[in-house]
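Take a look at the following structure, please.
Residue numbering begins at 1 within each chain, and the chains themselves are lettered A, B and C in the order written.
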Amino acid sequence: MDPILQIEKLKKKFGGVVAVDGVDFEVNSHQIKAIIGPNGAGKTTIFNLISRICPLTSGIIRFKQHKINELKPYVIAEKGISRTFQNVQVFENMSVLENVMIGRHCRTRSEIFAAIMNLKRTRAEEKRIHDYSLEMLSFVGLEAKKNEAASNLTFQQQKLLEFARALATEPDLLLLDEPAAGLSVPEADEMAQFVYRIREIGITILLVEHNMGLVMEVSDEVIVLDSGQVIAEGTPREVQNNEAVIAVYLGERETENANHTKS
Amino acid sequence: MSLADQLLQYLFTGITIGAIYGMVALGFNIIYSATGIINLAQGEFVMLGGMMMVYLTAIIKLPMVVSFFLSILIVTMIGAAFERAAIHPLKSPSVITLIIITVAASILFKGGAMFAWGKHTFSLPPFSGEKPISVLGATILPQTLWILGIMGATVALLIFFFGFTLTGKAMKACAANRTAASLVGINVKTMVLLSFALSAGIGATAGIIITPTALMNYDRGTMLAVKGFSVAVLGGLGSNVGAVVAGFIIGIMESLGAGFISSGYKDAIALVVLLLVLFIRPSGLLGSRERAEFKKF
Amino acid sequence: MGRKNILSLLILAGVILALPLGLGNSYYLNVLVFVGIYSLITIGLSLLMGYTGQISLGHAAFFGIGAYTSGVLSTKFGVSPWLALLAAIFVTGGIAFLIAAPALKLKGHYLAMATLAFGYIVFIVFNQASSLTGGPSGFGQIPRFRLGNFLLRSDVHYYYLVWSLVIVVLWVSLNIIHSRVGRALRSIHEGELTANIMGVNTAKYKIQVFVLSAVYASLAGSLYAHFITFLNPTPFGFHFSIVLVAMVAVGGMASVWGAMIGAALLTILPEYLRAFHDYDILIYGSILLLIMMFLPKGLFAGILSLIKKER
């Protein structure tokens, strides 16, 4: 089967800093693949390049065999890629349900004229949006909070809200940016369960994570990044035992103790 | 007058007014650099400077030199008071809120000036006489030399301040990275206050030196602010060199436009330039493109 | 759009119908005509500023373009006022579209200054293009609207015309707000980049709302022109753009009802302050400053939250 995501020689420079330096990898359909690496290795940058938050310097990103480099972020969502954010970006002053309903935007179509005329098909579509979004909320267990302002949720609940919102876009590929960050051990375990369940629906998952326990538990394959380059790739077991990987992590700890300046 | 002479004359006029625009732009840059705020009341500081000078010399009858420095001082304090009263108490204001507040302040300053001095247009005696000096077939007013001179002195003072004094460097640090600056012990709130005060002072200086040639009334502030902002953006927001250069560019363009095309539309020149810059290259001539992308607005 | 809003619309319609019977006096009706005209603009501006979070310091320009287009077409070219109004909408909308695309790529202060510059340029054109606009002194003899043989001349006629249109515009705006599009607009305000990533074509919506608000302003401008029957550039400058922003900010940015209240307040208030004619600007400035510092969400939202607290 063809890979759903292909990253070819991806490079990103911010002024003088090379954040991503010639990265190649692929993600196969229905896989759960993780990207790990020390801080500043370029992991979130790669996500941002895929979502097209910033333009890449060079390289090619292919999704379902089509080049998506030049597409605007909302088009990428339409194509089937969605994501969550490391520092949770829910729409704070909108309700929980409304947040998820935004996810349905790219799968629906009533525009301004239809809205003004309040056509029957518009109302029907609105109902479908409502019902589908409620389903997504049930999936993450937040349906009781549907009318609360998103800013009133706990951190973990907001992360789950982001899941629901991303799922509402009906993605084929879901990018999870540090889903376990900031969560306690039991909360992180819950997150891992959700990751499995999402895969069961048939969605491919690419995640960035620092929580090694989570990574080793849920991932089929792991990519290790350091200083913008891939230094290892394989099953969790293989990567754990990889010498270069060990050096990078152990080495980093030594350097941290010495300088406190790793960015 | 031959064409060359005419051109030269327009050039001189352009440089004169360009110097003023440049100074207004410097005022914008200082506050923007230190705080990220665009102070839409900047033009009013210029207006207040000119008006205050007229008031002190003509009504209170103080000597010119005393009035000069006193006017600058008074407007500087007004700028500081504005910061304390309207900016300092805000808790993480949205951009729209900030914009509206500075606009409201400019309205208040304008209204206050109208209340205090009426709607008349005022003038000042030129600093050293009115006899035009002949230069290469065109004439320069002595006041122009004063304007260029004082502007030069101001720029030199700013370079010294930002480059060689601790306070100035602290302000530059705030501009570069507020959080880092506060972490190394710089009192950011004081820097914000200082930036407003400094901007007001520079604005006032510009207002005083232009009044003898261009006159002043309560309403001048807005147009000066918009043109000053155009200059600041053309030069690259935050770049002081850019502000000076862009000031001359726009001043000369305006002068040439007024002379050769139409004087009615001359105000539109700076505005069209602003739109073009914003639409095509918001980082301006000398601003960094990346910095423009990352600047939080 | 929700039962509350439908009810409010009906109540408003009722009040509008009944008011002239109680008021009788033409002066009050005259003021209310202006409140209606300005409400048309502020409703659009509140969609722009409150819902999508974009700012415009030059909206008086669209008001002016609508007025002048309508006025010039009907006087110089003998076009019927209704057609002139329609044409003005297209012209204004077109111009808005042209500047919206590049302008709305800008954010915050940059956008504010771009709209300010645009507004000023239009004002200068009104003053300079004398052959078309009559320059600073303007021109008069603009024909009034006719319905068949019935000439819409008195304050009462105009009052009903303007306020019927306000109700229509409110209805349209409320429908937009309570739809998928309205939700998308709010998401743009909450987090434009995030909304984009989640599949909302933010550029398209920002442009649409901008153009819509310009169209509302154009409508107001035409109504104004055919009511006052003469035009000069003065009402269409920076001063009025700020008054408009003040009306929206004071009334409540994210509320079309608040926008109407703001328009009412800042139109009626100066009538009481007639004696202070020139100083109205001081009062606007103070009100604006105080509201932005203490009630940044506007009076409407502020009062609503006070009521909620009492409960």
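Here is the rule we go by: a contact is a pair of C-beta atoms (placed from the backbone, for glycine too) under 8 Å apart; a residue touches a chain by one contact, two chains touch by 3 or more.
Every value quoted in this text rests on a predicted model; they were computed, and no experiment measured them.
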Q: Give the label of the chain whose average Cα location is farthest from that of chain C.
A: A
Q. Going by C-alpha centres, which chain is most central here?
A. C
Q) Which whole number of Å gives the spacing of the CA centres of chain A and chain C? A) 42
Q) If you average the Cα atoms of chain A and of chain B to get two centres, how far apart are those centres in Å? A) 47
Q) In angstrom, rounded to a whole number, how far apart do the mean CA points of chain B and chain C lie? A) 32
Q. Considering chain C alone, which of its residues make contact with at least two other chains?
A. none
Q: State the interface residues of chain C toward chain B in the complex, per the touch definition above.
A: 49, 53, 55, 57, 102-103, 105-110, 112-114, 116-118, 120-121, 124-125, 127-128, 238, 242, 245-246, 249, 253, 278-279, 281-282, 284-286, 288-289, 292-293, 296
Q.
If we count contacts the way the header does, which residues on chain B are in touch with chain C in the complex?
A. 38, 40, 86, 89-90, 93-97, 99-101, 103-108, 110-112, 114-115, 119, 222-223, 226, 229-230, 233, 262, 264-265, 267-268, 271-272, 274-275, 278-279, 282, 297
Q) Across the complex, what residues on chain A touch chain C? A) 51, 53, 72-74, 76-78, 82-83, 85, 89, 91-94, 98, 101-103, 105-108, 110-112, 114-118, 122, 125-126, 129, 165-166, 169
Q: Within their complex, state which residues of chain C touch chain A.
A: 1, 172, 175-176, 179-184, 186-187, 190-191, 193-202, 208, 212
